[in-house]
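Everything below concerns the one structure shown next.
Chain lettering (A, B, C and D) follows the sequence in which the chains are written, and residue indices restart at 1 in each chain.
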Amino acid sequence: MALLRCENVTKRFGGLVAVDSMTFEIDSGELMAIVGPNGAGKTTMFNLINGVFPADEGKIWFEDLDVTNFPAYKRAHLGMGRTFQIPRPFASASVQENIAIGAMFGSAGAEINVERAMEMADHYIEIIGLKKHRDKPAGGLTPTEKKLVEIARALAMKPRLLLMDEAMAGMNPKDIDGMVSFIRHIRDTEGIAIVSMVEHIMRAVAGLAERVIVMHQGALLVDEPTREALTDPRVVEVYLGHPPEEIDAQG
Amino acid sequence: MLRVEKLESGYGPMQVLWGPDIEVKAGTITSLLGPNGAGKSTLLWTILGSVKTRQGRVLYKEEDVTHMQPHRKVDLGLAMVPEGKHLFKEMTVYENLVMGAYRRDAMARKEENLEMVYSMFPILAERQKQVAGSLSGGQQQMVTIGRALMTNPTLIMMDEPSQGLAPKLVMEIFETIEKMKREVGLTILLVEQNAAASLDAADYVYVMHEGSIKAEGTPEKIKASDDIKEAYLGL
Amino acid sequence: MRRAQRYYPIIPVLVAYAMLLGYGLLFPGKWQLVAQLAFYCTLGQAFNLFMGMTGYVDFGYVAFIGIGTYGMAISIYYLYDKGLGLFIVVIGFILAAIFSTLLSLAVGAVALRLRGAYFAIATIGVNEGFRYLIEGARIWNGADGIIFSLHLKKAVGRETMMVLSTFWADVLVFTVAIAAAVLTLVFMRNKVGYALMALRMDEDAAKVMGINVTKYKIIAFITSATLAGLLGAAAWALKLTYIYPVDAFAIHYTVEAIIIVLLGGAGTLMGPIVGGLIYGVAKYFLAIVLPGFQLLIFAPIIITIIVIFPEGTVGILKKRVMGTALQKYII
Amino acid sequence: MIFEQLAGNLVQGLVLGAVYGMATMGLSLIFGVLQIVNVGHGAFIMVGAFTALMMFQALGIPPVIALPAALILGMLLGMVIYYAAVKPLVSPSGSGIRKPSGRDAGIAVAIFISLMVVMRFLSGYYKLHTAFSIFVGLLFLYGLLLYVYGGRRQEKAAELATLLVTFAFGVILEEFVKQLFTSEARGYNWDIGKLDIGITVLPYTKLLAALGSVSIAVILYLWFNKTRAGMAMRSVVEDSVGARVCGVNVDWQYALSFSLGIGLTVTSGVLLTMFIPVGINPYMGGPYTLKAFVIAVLGGLASPYGAFFGGLVFGLIENGSYTLFAVIPGVEPFALTRFFSFLILLVILLIRPTGLLRAK
């Protein structure tokens, strides 16, 4: 059974078709990447999946439940987590409060009171290694720390599907490798499916994803295991220009 | 051409730049490398003047322009290609380019510059009547670069010109940058995430970290130094 | 133990109100002033519950006070001869609460879907719109208003009426203030508060965190509106025993509410009390020295606070006591 | 007969609507460029109405001639407000590193007190009201504080703050005018004849007001689309960062558009008095704020031309609904029409907050 299933999902803005009849599935515990240039409709696709705005056409199922018309918060309750391209922690709340908010309103939110949420937050602060910043306002952290807080906040929601928007944008190759192994670690320990959206960091795609979806002008170009996707002639043609070296290096 | 001395600036209570020194020689590509949050973009905006300088000086063509307003600097031939495109999405390609020639001096040379932009990016000539927002990502980037060329610049500062582009377009952008140096004779100050490509294109490199310069030298020197690559570039 | 500690900040609030009440009781000549101050504190406390906690400004807030006043007025005006005695006042409060809740539901259903500027636009006409509905459709005597002092006298007797409108009405205002303060703290310390904090800072991020932002906004909006309705019933209807639509929906009470909350510090528990006292005392003396000039002097102060001291008095105080023993008492 | 009355209503509605549209363009311009809703909108219309009234009564200048004066007055007012309170919110100029010190506060208080003393002294000669002195003192104090602190960046954008600031400026204007002219309603009588077009009768003043509104709208349109300065303002609306790197002085464009928006609003106050030359009082702006919001939302908040067409539509609606309510017995058609416009606002906001008349 697929965790998430999208069928002919389409979204238009005015005359522009941002997402054009996308059909794909995501399985539980899978590590997947969505790849494509800026403006290919990746962020819109994310917003459609977690319900920031509704799709114009098509259907979305989450664990065989039709969530097409669910608002964002209900989808979050079902187990969809999300991080943003530019991290958006609640700036004047402390790191602990930020993460606790995730726990309070996430998929297990109904049973979790404020005290319990704070304890859970401490656990995740431990995981991301920001213990010394626990009581600081999140707005004062460095971009990378904000990113970690946001990931912890999403994890505290106990999601079954985590959507990460450009988790590695602007990082140098070393930090990318660190983030890749961190994400893999999360997947293994928390057992959740992670969809990461990556613009053009082939190093991250190759290291991270088991499967890749390439989007081009709002439509699905290929949906294949990573190696095949990155050497697919269509992908090379419209997107890569030449097959990435990292594939050979890591393959 | 451009010299930055002990520049300090930031936003509100947060100081970002801690006194970097930089020199950009005429007719070269100078590349600024470093991790996210190192203050590279802030440095460019401070040089342009839209982020206020708190300490230090900016010298352009041997003239102190530290506290000059951004639009006055555009008059002097200092252009900028901002990160994330920032073109006028509801105007046509042509109108976008004409906006680049907004200052009077640039307006006088509008036709020549327009021709130069169209010869550099023939696709823009074809699409000049089209609304800029409907172009593809790569074409939008061309409009932004073209618009900067329309300001009749002598020095162009480029902030992440390849960001968000398909890998196959990244090489094209770098070719364009080299062409701008070779054929138009522009001086370029380049901020790039793509360290490898940037090192190949540059004549001189500065490595920034936490708001100050940690290393500088020719690309060969930087490439040769494993310490720098390991510590700041992660190559 | 830790749980109890989290509610410590209510102590200074209770102390402040107790001192104010005590001052009024000990110096009977000052009761008018104390009642006036209590009104402003309550206005601020109730307004803060929505504006301070959500970051939205409801420019039509006075409509809830007005409709609450009508609730009490109607109860007395139509039920005075039914032999219910003081019970009509109780019914009045119930009506006030129901009316203001219903109006807030109607307004909230439209306005709370909107954000920022659009929310402001939707609310700024509420008081005017409602006033013109009452006048235009001649509801409840239309523009002629309801004058019910005789009805109240007949229902409860002259003596009771006097005590009711000069003393118990003010005590009820105090009660509403304390209720508002307690509710504010309870919200802050529970999920509601965290949800409101999240949506105040970043509504989009809050949504994808699983926060039903509309629900929490409505909770704060209705609570705040209902308190305003009760305030109107106690402070206006019972004290004045008449009501005209032109007064009941006058926008300058919204201005006062904004001033009080900003002076004290939006989103803080103590803020409305501090703001209410500063504003009340200043207005009291200005009314003696310079009648008619209060708004001309307070409006520049609003601007000064917004531009230069956006945290307000208590906001600044909060920063000062950070890390000291006082920290757990002041929020 | 019915047809004639309908046609008459249509003409009256359009003439009124043109003025309404003009009265909303300033609001939309400011929102379009700065994303600020001028909550004090009506107060600026009131200023325009008083300008027309004063010039007519004191100097005998007909309102049409008073238009440029009102525009200049409004633009000056706009500039002052922009630099005093809007700019410190949208782009704080303060270094932000200066800590408030006791000395700063001391100087501020000292200057305030000495200013009060000077004003007290002056009031002996000029019969200044004490409250006015305090008001002036407060303004100076504010200027000083602004100089020392330079404004603060707000936590949640500047939206809430700008709403409150424009609201407060509306209150200041109302109270200030009240002190000058008392709150009694005034009016003037500028009679230059009527035009009978068969289906309805229109005074020339109303026609002039409508024509003036249309011409101003057309000039604004041409200025935006055909001139270099207009293009610069458009570029700021579309992308301020892009405009800046093109060499547009973005800060000045912000100031200019705010000032122009206020100028247009004050000017529209003059036009409105040509339409309704009575009931001019300090608090007359409130209903116009509400109407302007309805109109702006009809036409899409950020578009001045949308606002103009919204005004035409609203003029028709208002005229029609008044005629309709007048035949219902037992109601106040005037008040009910105002309630109706509020209802329209809510309905539009509910179904399409970005404007009914915009394509997207």
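One rule holds in what follows: a contact is a pair of C-beta atoms (placed from the backbone, for glycine too) under 8 Å apart; a residue touches a chain by one contact, two chains touch by 3 or more.
Here the structure is a predicted model, which means the values were calculated and not measured.
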Third chains touching both subunit D and subunit A: B, C
Remotest chain, subunit B as reference, centres from CA atoms: C
Chain at the geometric heart of the assembly (C-alpha centres): D
Whole-Å separation of chain centres (CA-atom averages), subunit C against subunit D: 30
Where subunit A and subunit C are represented by their mean Cα positions, the distance between them in whole Å: 43
Computed distance of Cα centres, subunit C from subunit B, in Å: 54
Rounded Å distance, subunit B centre to subunit D centre (Cα mean): 41
In subunit D, residues with contacts to at least two other chains: 155
Where subunit B touches two or more other chains, by residue: none
Contacts with two or more other chains, residues of subunit A listed in rising order: 91-92
Complex interface listing, subunit B residues touching subunit D: 11-13, 15, 48, 50, 52, 54, 69-71, 74-75, 79-82, 86-91, 95, 98-100, 102-103, 106, 144, 147-148, 151
Complex contacts: residues of subunit D adjacent to subunit B: 92-93, 95-97, 153, 228, 231-232, 234-235, 238-239, 241-250
List of subunit D residues in touch with subunit C within their complex: 31, 35-37, 39, 84-85, 88-89, 130-131, 134-135, 138-139, 141-142, 145-146, 149, 151-152, 154-157, 159-161, 163-165, 167-169, 171-172, 174-176, 178-179, 286-287, 289-290, 293, 296-297, 301, 325, 330-339, 342-343, 345-346, 349-350, 353
Subunit B residues within the subunit A interface of the complex: 14, 35-37, 134, 136-138, 140, 163-171, 193, 195, 230, 232-235
Complex contacts: residues of subunit A adjacent to subunit C: 50, 52, 71-74, 76-77, 80-82, 84, 88-93, 97, 100-102, 104-107, 109, 113-115, 153, 157
